[in-house]
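Chain IDs A, B, C and D follow the sequence of writing; residue 1 opens each chain.
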Amino acid sequence: MHNLDRILNQIRDRIHEEADWGLPAQYIPELANVAPEQFAISVVTSNGQCCSAGQADRPFSIQSISKVFSLVATLGRIGEALWTRVGREPTRAAFDSIMLLETDNGRPPNPFVNAGAIVTTDALLAGREPRQALAEILGLIRTMAGRDDIYINKRVAQSEKRTAERNKALAHYLASHGNLLNDPDLTLGTYFHQCAIEMTTVQLAMSGRVLAGLDCAPPTISRTHARRTNALMMTCGHYDASGEFAFKVGLPGKSGVGGGILLIAPRRASIAIWSPGLNGYGNSQAGTRAATMLAELTGWSVF
Amino acid sequence: MHNLDRILNQIRDRIHEEADWGLPAQYIPELANVAPEQFAISVVTSNGQCCSAGQADRPFSIQSISKVFSLVATLGRIGEALWTRVGREPTRAAFDSIMLLETDNGRPPNPFVNAGAIVTTDALLAGREPRQALAEILGLIRTMAGRDDIYINKRVAQSEKRTAERNKALAHYLASHGNLLNDPDLTLGTYFHQCAIEMTTVQLAMSGRVLAGLDCAPPTISRTHARRTNALMMTCGHYDASGEFAFKVGLPGKSGVGGGILLIAPRRASIAIWSPGLNGYGNSQAGTRAATMLAELTGWSVF
Amino acid sequence: MHNLDRILNQIRDRIHEEADWGLPAQYIPELANVAPEQFAISVVTSNGQCCSAGQADRPFSIQSISKVFSLVATLGRIGEALWTRVGREPTRAAFDSIMLLETDNGRPPNPFVNAGAIVTTDALLAGREPRQALAEILGLIRTMAGRDDIYINKRVAQSEKRTAERNKALAHYLASHGNLLNDPDLTLGTYFHQCAIEMTTVQLAMSGRVLAGLDCAPPTISRTHARRTNALMMTCGHYDASGEFAFKVGLPGKSGVGGGILLIAPRRASIAIWSPGLNGYGNSQAGTRAATMLAELTGWSVF
Amino acid sequence: MHNLDRILNQIRDRIHEEADWGLPAQYIPELANVAPEQFAISVVTSNGQCCSAGQADRPFSIQSISKVFSLVATLGRIGEALWTRVGREPTRAAFDSIMLLETDNGRPPNPFVNAGAIVTTDALLAGREPRQALAEILGLIRTMAGRDDIYINKRVAQSEKRTAERNKALAHYLASHGNLLNDPDLTLGTYFHQCAIEMTTVQLAMSGRVLAGLDCAPPTISRTHARRTNALMMTCGHYDASGEFAFKVGLPGKSGVGGGILLIAPRRASIAIWSPGLNGYGNSQAGTRAATMLAELTGWSVF
């Protein structure tokens, strides 16, 4: 553990030395104003202890990392039925691409591109009030993290709502193919709010314990669902840079435009990284670099 | 003229004999219930006389033919500036395709696919109330046709509004690229209403006189704008079957899912055809056949 | 006729004044060395007289314009059967695109993109020796032009052969879908040679008389085939700039990377233009400009 | 070990009971005639022992599995320089797709689709004689497997050569973008021969020991190269069914149209499976099923 502390401090120091931060997401006003020179990393290992370096207590917007939690919730609710509406294949298209929907008659390639996440949230909503589905996602995250102080930032959710014409286009396109069960506005409202959940790296690392299959994890989801979620994170978790991430890091991960990355080292550790500047694929620039270093220094690659 | 009457009757008779009607548009409830075994053709020649055969006094929903009128209105209002927002090239994609928007960063290929027509209407709307833009389009059509009794069918417009998720997807996608000036809902509301204009083949043939450059036409638009509109009708007027239509008919034309076709024989005649059943490209099945016969019997092909 | 002479001289003078020449095709060594500041235009009218301005007696490589002649020859030989193997629709893809072949299972969209022209030449070859098919094409061109002194430039054909990996890719791809009847190397050899035919603008304008349906034309092909060829030239003759060309010029035309354009004004004139510098679509820069001027000055637009 | 024997026998029995064999590859004559009702599985574990069930001594054509070996050989020869010419991302396109090459200017998405493998082999060839490159690949495989009796089936290589127009198209297309260093025919000749290597499941499982990082493996390649190769097998090893394979099996694998699958359980085992019938993605039908069972019964998923 002393060793792990040393590794995390080393990574934090190198990230600040390299000072290659990227640019925070510009299209969400509430995120655009975040200072890019920030970094945090937290690691929970089998015995349940959590090591951190950097600003590990600063909440950030988890954005697309919420897709992992809505997937887990939806699999728990409807199981394999989800896969009639969304695929499980990586795609070279961008996270907000609409092209593949046309080719595939409104069936998104996987649950981690925006269209696929909207369908997943729609399946979870299933005729209920948005606040019920949101309570379910938030409840699941709190249980997985073993923490109660995790909230939705309403200002970020509103900020999304005003700007995200692209997601509206995706939702209406899905509806035009009959692949939304609820009113597009209700599904989108739920989706924008789930993306606006805020967590610290400590909370996020804690929430990944069950995916990593750590002994210390609360028994929220089956090992099979955890494994399958990890598999999807490996092949599709970083959009059109997923192959690159698997190649360099060798661990399942999911990024968000808020600059967070949830990283799973099965049976070894659950890791959360945050740095708000992004690279060209919409993944955290310094965060991806830190994940690469961590994999090299620990040898935790699954390969 | 006696000759033309004979030709039109011959075409009408053959169409009824062949009885190859296709299926009315299913996705607009108000259109789905129209009986397919209907046909009308009207031709106005240089001297201003109008010959017809079939149900030439039955109003039908002009749908995408309205794109010709909104293009003419918009060219009159902002001229060449329109072409910074929409292209002039045919595409092999379907009329409601969203793929090319992604490839071309939100610039529709031409003003006759849905996305291009939405941009054109948005340019015409230009911050005004929808009813003002609609009054302008309707006024233009009435002047071009020399008839006042042309109206919007509100039930059809409402029917569109409820079902057309695809057009909403297009509008929001355009907005996400900054290619809509007005609120997407206002632009779409205007667009749905312009598509719901109803005309008879007599009225529609009369309205095309100025495009054909007939002596009898009221001086509404310049010969240059007329020629360019005809050029676009030739290359893009029948969606992904435009090449085929040029090949077989050899005249500029514009089809609508209501089963109408406006056909221009420059300096010779303006023609309107209607039969509500569609072929696989969304163009009138019997109407396309009739256009082919007319071109063969009259030798009016521009080629 | 004096008037036409004056128009052509005016166009030539303005082209030299504007001096906006573009760059000769770089990928064919024999063409890359041609000086771009050259221009010629020839027009044959109904009475059979030919007016010219510029270097109208300088032979140039007709390249893709040969696709018009191989289409005419193939239609004469197998008629409508050609259309089972190639479509009649314009495409937004580039002239040497291979993408659409994959989407459409090896059926090229039209006979004027490279893939479509290779299929057309393959249909003409039909098991014969390449020199027999070439003799047929060359014989047809000589008859249409009423001139015997039209030849293939072997050096250009060889030059193609060495460089044109893209066309080899297209041919083998077509073969992989069973859409070539002959050995790909034989079909390509024929195709490279037909592209290397050299003509002057006078010869090219003379050869277009039958397409224009001029009284002075030798009776080589039916009016129906001529009209259909013109229709394809209108919708597909300038690749992904065909819509633009129809919009600005309003006449069927076919361009070649040698800088030539064959332009048809049905029942009025056959026109040939040459200037070796190209625009971004692979069409003659000054030639396209000259075509636009000619259409404006004569009012010959079919629209 | 007794336990592993029991598992393998159980899998073999269930595969024969289910009798869901698929169809052998039809486009390679030498493979089309193989009887589909065949199955073999071999597993080498850390101590170097090899357990098998089924026809584990029957050589089969490894086909695309050879891409793993040519990748390993090329990485050993030129290292990271390979990635300037080929990407590391999965794609939803089929294994022989040419579309993405057009979008990406001749840079294949990854080394396991045909285009990427041709580039990899071209990089290995590097101006040498094809037989030199082939000797290098074959030598590497023999060292990795610890067996000398592994050969190329010349009849299969010839059979490929005559039929594989699609691969010729890919090679010439790559050449048109300057992404082949050697004559396309030489590179393709090498590629066709490497695909025609024949191995038994015992030999193939032995050859994967170093990729799995087993103690018993001969020290042929670095752990870093092994891990990265495994990462590519996970994200891209089963073409457009790679996501599905990761989801269900959770192990890096590479399939070939000969019906073979090489499967790596890092630090645990190297596995080879063979059954010649294919599913719609070109992967072994029964082999994929067996891999799923093995993962379930052993719990070897990396996730």
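Note that in this section a residue touches a chain if its C-beta (ideal position, glycine included) is under 8 Å from a C-beta of that chain, and two chains touch if they have at least 3 such contacts.
Since we're looking at a predicted model, the values are computed, not measured.
K.L.:
Common contacts of subunit B and subunit C?
P.N.:
The shared contacts of subunit B and subunit C amount to nothing, since no chain touches both.
K.L.:
Provide the labels of all chains in contact with subunit B and in contact with subunit D.
P.N.:
Touching subunit B as well as subunit D, we find A, C.
K.L.:
If you take the mean of the Cα atoms for each chain, which one ends up farthest from subunit B?
P.N.:
Of all chains, D has its centre farthest from that of subunit B.
K.L.:
Where the centres are mean C-alpha positions, what is the separation of subunit A from subunit C, in Å?
P.N.:
Measuring from centre to centre gives 55 Å for this pair.
K.L.:
Starting from the mean Cα coordinates of subunit A and subunit D, work out the distance between those two points in Å.
P.N.:
It comes to 32 Å between the two C-alpha centres.
K.L.:
Using the average of all C-alpha atoms in each chain as its centre, how far is it in Å between subunit C and subunit D?
P.N.:
47
K.L.:
Got the subunit D residues that touch at least 2 other chains?
P.N.:
none
K.L.:
Per the contact definition, I'd like the list of subunit B residues that touch subunit C in the complex.
P.N.:
87-92, 100, 109-110, 226-228, 230-232, 234-236, 240-244, 246-247, 250, 252, 264, 266, 301-303
K.L.:
Mind listing the subunit B positions that touch subunit A in their complex?
P.N.:
Against subunit A, the touching part of subunit B is residues 97-99, 101-103, 164-166, 168-173, 175-176, 184.
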